[in-house]
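What follows are several structures.
Both complexes below contain subunit A, partnered by subunit B and then by subunit C.
Right, the complex of A and B next:
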């Protein structure tokens, strides 16, 4: 198992970061009941780890006995006289069901209206000493469409006695106000770099390897305070070269390298032909499931490293502009390409005005 | 011709395939029995479960055997008693569709046992569903008759009917009907009802026939991006877009970079600027079309098209090639193929995520799995095999077990992290693994003792359903001798090819809808080249219209 998963804290007591959040959750669970919860924070900050540790605290080790099911649900919609089929994977234990409703894409509304309502309705068998409610763990609620989120509102109130929702998301601003106000929101911030270094040292000690503090600090700073990323990167570096040297290069991920390549392509030549080649590379990234927003962001950062400071402001403006359009449109390639075309046009004019 | 009991006539509609079949049968003294395959099949669906052949085939078989037994064989000496029969199966390609694929196999079976001649008629002999029919029939291709030929005959008919038309007018009319004789005759008959004269201008004004009858998307794209578009009004351009509002934006998106805009002249900076502006317009179009599709705001459709037209008109000019050996024709949109590969990869990632979440080890979401885990897993899963050979297998299996990966997931991991690039990082990581190690690893993966923590119900169901369909398909053929088995292999190969070349499949289905002129060249995989050739004659059309 990769270190990042192997050394995941299992209960709320031995956390290294987010100790305070852990303590709060512990006292919440100790009271016997719990409200609906909404965990939010950037990717790789430990939301899920906290949630799982909390569930363990709540229900005991039984929650770790997981069963995965991929089922095709048929939903009757008499008013539009069609049957909607949704395939969804659920991960469940006796005490909770975990699912990712946004996987259903445009059909997420039906998942919320039908499946979640169904699951929320059914009460757990009231065994002695057990909690009288089940937990529904919903991932990526910020990816849900607004319609789906609205459908969630009623369910949350009506079936509150039998079921608690624990929702996890990256950006709380994409969750509608109505849902937010029905939950206790738990902010899980990205761990500080010092905390990440502590975790890295802890893992290294467990794995019996020596990690020079400077190198740990470099990993922490290069991974954008993403703990998951830092741990994976540590392991990747270990595979690459061990014992560590403090000037050892940190392994970049494949897509980062590829986007860097695109950025240098763009700087090297601004022509329709180059734009066409860049399009091909964008397609590669999109096919490999790299989210377009991330491509745009990373590309902007790479371009920023290489352009004259006079242009930076303008380029940033356009990157933001095209990211907005990316969200509003459906075909990512068009907007990515439009950004590059715009950049090439600006950059070319700039070069011409500079050298005549 | 020896030994073949059936013929397959193929060609575009309205050029006299059915008539030819009937005339030939009549002149040889046969009694014709025509079965319109698409009609009968429609009925059989209700009565017969499974839809394979069903009532149609029952009738056909009965007829085919009845006659021959009653007559004791077909021969001309029996002419005195009763006319010999010929079976005309019209529109056999209409008998397609995934559920009724067995219908073709059934028909082949009928051909094998039949003692009377069978004439099958279809539009497209290369259609996958009826391709196997070609092995059992005499292939007769009908091409569109030449324009002057048709015009001459039509003029003769018009004279007989009292409609006054001259040669150039008729030729223009023939062209507007796409050499379709049936359509032409209908148009002329309607015309005769109204008046006794048809002038050239009327034909050109589109009063007599439908002017833009089935323009191919290639033609329209060429028109929209070509320099002549400036002569059309915006309204006319929007009408052009409505030829196929789904695919044309993609055509423009695919090819706009390659244009050398007339407005820019030789100014490369201006050219880049125009392309950037066109890209913006495409973006507008995309945003609008999302509103149309997702929220059903169809009133925005003209605006959507206007955005795409704006994009096209910014870059109108000569088309340029980037590569010396590239052919200077508009490309078929690659977006379709890329999108379907993207969908496939998203599905793979979904499976990967489901499997590894089931192991309980992974808590990351899909995106994070792809972004952070997969690059590391790619190295961890191939590194040991590369370095330590056989000994490395245990290390890899440990990770595979921890995340409940099967061999497919292993492949998916590599597939999802594959990039086209020359950089050493993107080399195929399995390149240096010896074959012996690879096969030992595969054996290890497939060991029954491996306990994976997930049950793939949906996937398994699909797989078995597919298997069932396949056996059903070929069930009818199993009665046959060697022929039948050979067929089976071929069809399976087709399916494999279909899977791998999704792009081509999509291109073909799209093209079939577009119905471009060069349909006789419409071979699988040749779609692009055929289309390239097809647009040449078509491109002349608009230019002529102005004169």
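Right, the complex of A and C next:
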């Protein structure tokens, strides 16, 4: 098992960072009238850990007994005389069901509704033998279609006593206002670099390795406050060279290295031929399921490190422009490529104006 | 519902949903007109419209409860909302089916008028075709059914339907109504509001009662029974104003790199971009030392960014674009086009 998963704190009391959020969640659970919850924060900041620890606080260790179930949903729609069939894998315990709505694609709306109604039918009993509620854990709700989000509005009110939603997302702007206002929202900030170092030290101790503080700091500063990346990097560094040397390179994920290379390629030459080569590399990344907006963002930040301040406004504008198009369009590669073409043209003009 | 709540109660919004229409606050005109209509036993088709959390669904549910009582309501009232399939065929078949069956005996002690009620909640999400089908159905069964349409945007309801209904506009709740209701909830829940907290809640919820109650519950459950201004702001997702000022100052400073640092930090701390630009807009508009044309340039971009965010664009990139434009506006330069062939 990877260290990221192996050393995930299981209790709200054992958290290394987000202690304050943890304490707040604890009092929320203790209060009893837990409403729907929406957790948001940048990726790799530890939302999922908080959510799982909170569920454990609510229901006890039983929530960790997970079973993966692939279920075929046959959703009858007699009034439109069709049957919708969806096959989907959910992870569930006696107390909760976890779902990635994007797995259900365009049928997400039906699946979510069906799940909620299902949960309302079979309610578990609590300690006092009374009907209690189950939790539907929806990951990446920002990926849920607008249609599906709208259909949650009244459902969230109607089934409130049988089923609580716990939703997790990166970008809360993509969750419709009507859903947000029906939840308690919990902001989870990315841990500060010092907190990341604490976690790295904690994991090192558990793994019985020595981590010099300076080395921990270097890992923390090169992983953009992303805790998951920092832990993955620590493990990779350990594999590469242990005991750690102070000048040892920090291991980054392959795709990040790859994008850094793309940035260098673009700065080195601006031509149709180079554009074509870059396109091939984008394909490579997309095939490996790296989200296109992440590629564009990382590429922008790499390019920004290499160009003159005077160019930055223009470049940042086009990055935002093409990312927006990417969201509205259907083929990511076209927009990624368009951004690079735009950048090449601007950069070339700039170089020409410098040297005449 | 309450007895089933067990150790875990309901969200406050459900717990404190008014059960009778006279308990609905701030919609006096609506309530008194409805009461008159209910007395005559002849309620017309109704169209409730207005912003979220102003009591539309609540009023509709309370009204049918008062008309039919808790038992009869099950057979006389059908509620369809955006979670239900509501294409043309549903309107044609399901609604028809429901409307066509005869009404039985009334319930003792309740007016139980001799017709059925169909509540179409969130009906602005119905297609125009479905609405056209609905129009026919409404005409056909007008003797034995009444429709209650509920929506946020009355302009999305086709004219032939709208004109058949008595229209009721639900106003955003005034700060006073909100504070009255919140005070009574606080008393029942044993919550103490510190000085300024009520005002903060009033302005954070923008006339949306549901939001006010949600934020209150968040603040209490996350930060304790004594509610401070800070807890309300955090629960409502408001960005601390010094953070937004910092961003604006970085833009005034004219350095892209500094502004980028601030934007990255804001997004890493999880502050929602939509909220940031809203607060930024307020700051810019109120800044006395910023000329009108600069304000106009910045606000125009803020509007574009708002739209882009709703369309699902990346928060960090959009904020960067915004900050970059603000720098250009302050330094009187153009953002794009200089090196663009």
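Everything that follows uses one rule, which is that the second predicted complex is superposed on the first by the 333 of 356 C-alpha atoms of A that agree within 3 Å, B and C clash if a C-alpha of one lies under 4 Å from a C-alpha of the other, contacts with A are read in each partner's own complex, and residues count from 1 in each chain.
In this text, contacts are C-beta pairs under 8 Å (C-beta built on N, C-alpha and C of every residue); 3 or more make two chains touch, one makes a residue touch a chain.
This one's a predicted model, so the numbers in the text were calculated from it and none came from an experiment.
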Looking at the superposed three-chain arrangement on subunit A, would you call subunit B and subunit C a clash or a fit? fit
A:235 in the overlay: touching subunit B, subunit C, both, or neither? Say first, second, both or neither. first
When the two structures are overlaid on chain A, which partner does A:255 contact: first (subunit B), second (subunit C), both, or neither? first
Which holds for A:345: it touches subunit B only (first), subunit C only (second), both, or neither? both
First (subunit B), second (subunit C), both or neither: which does A:328 touch? both
By the touch definition at the top of the document, which applies to A:24: first (subunit B), second (subunit C), both, or neither? second
What angle, rounded to a multiple of 10°, is defined by the Cα centres of subunit B, subunit A and subunit C, with the middle one as vertex? 100
Could you tell me if A:48 is touching subunit B, subunit C, both of them or neither one (first, second, both, neither)? first
When the two complexes are placed on top of each other via chain A, what is the minimal CA separation of subunit B and subunit C in Å? 6
So which bits of subunit A does subunit B touch that subunit C touches too? 328, 342, 345, 349
Name, in rising order, each residue of subunit A that touches subunit B in their complex. 1-2, 5-6, 8, 43-44, 48-49, 52, 64, 66-72, 87, 89, 91, 100, 103, 106, 139-140, 226, 228-229, 232-233, 235-236, 239, 251, 253-255, 257-258, 261, 270-273, 275-276, 279-281, 283-291, 294, 322, 325, 328-331, 333-335, 337-338, 341-342, 344-345, 348-349, 352
In the complex formed with subunit A, which residues of subunit C make contact? 1, 4-15, 52-53, 57, 81-83, 85, 87, 89-90, 93-94, 121-122, 125, 208, 210-211, 214, 217-218, 220-224, 234-235, 237, 255-257, 260, 267-274, 308-318, 320-321, 324-325, 327-328, 333, 335-341
Given the complex, residues on subunit A that touch subunit C span 24-25, 27-28, 31-36, 40-42, 45, 77, 79-81, 113, 126-128, 130-133, 142, 150-155, 157, 160-161, 171-174, 177-178, 181-190, 224-225, 293, 296-297, 300, 304, 309, 311-314, 316-321, 323-324, 327-328, 342, 345-347, 349-350, 353
Touching subunit A in the complex, subunit B uses residues 253, 257-258, 268-269, 271-273, 275-276, 278-280, 282-283, 286-287, 289-290, 293-294, 320, 322, 334-335, 338, 341-342, 345-346, 349-350, 353-355, 357-358, 360-368, 370-380, 383, 398-399, 402-403, 416-421, 423, 425-426, 453-459, 461
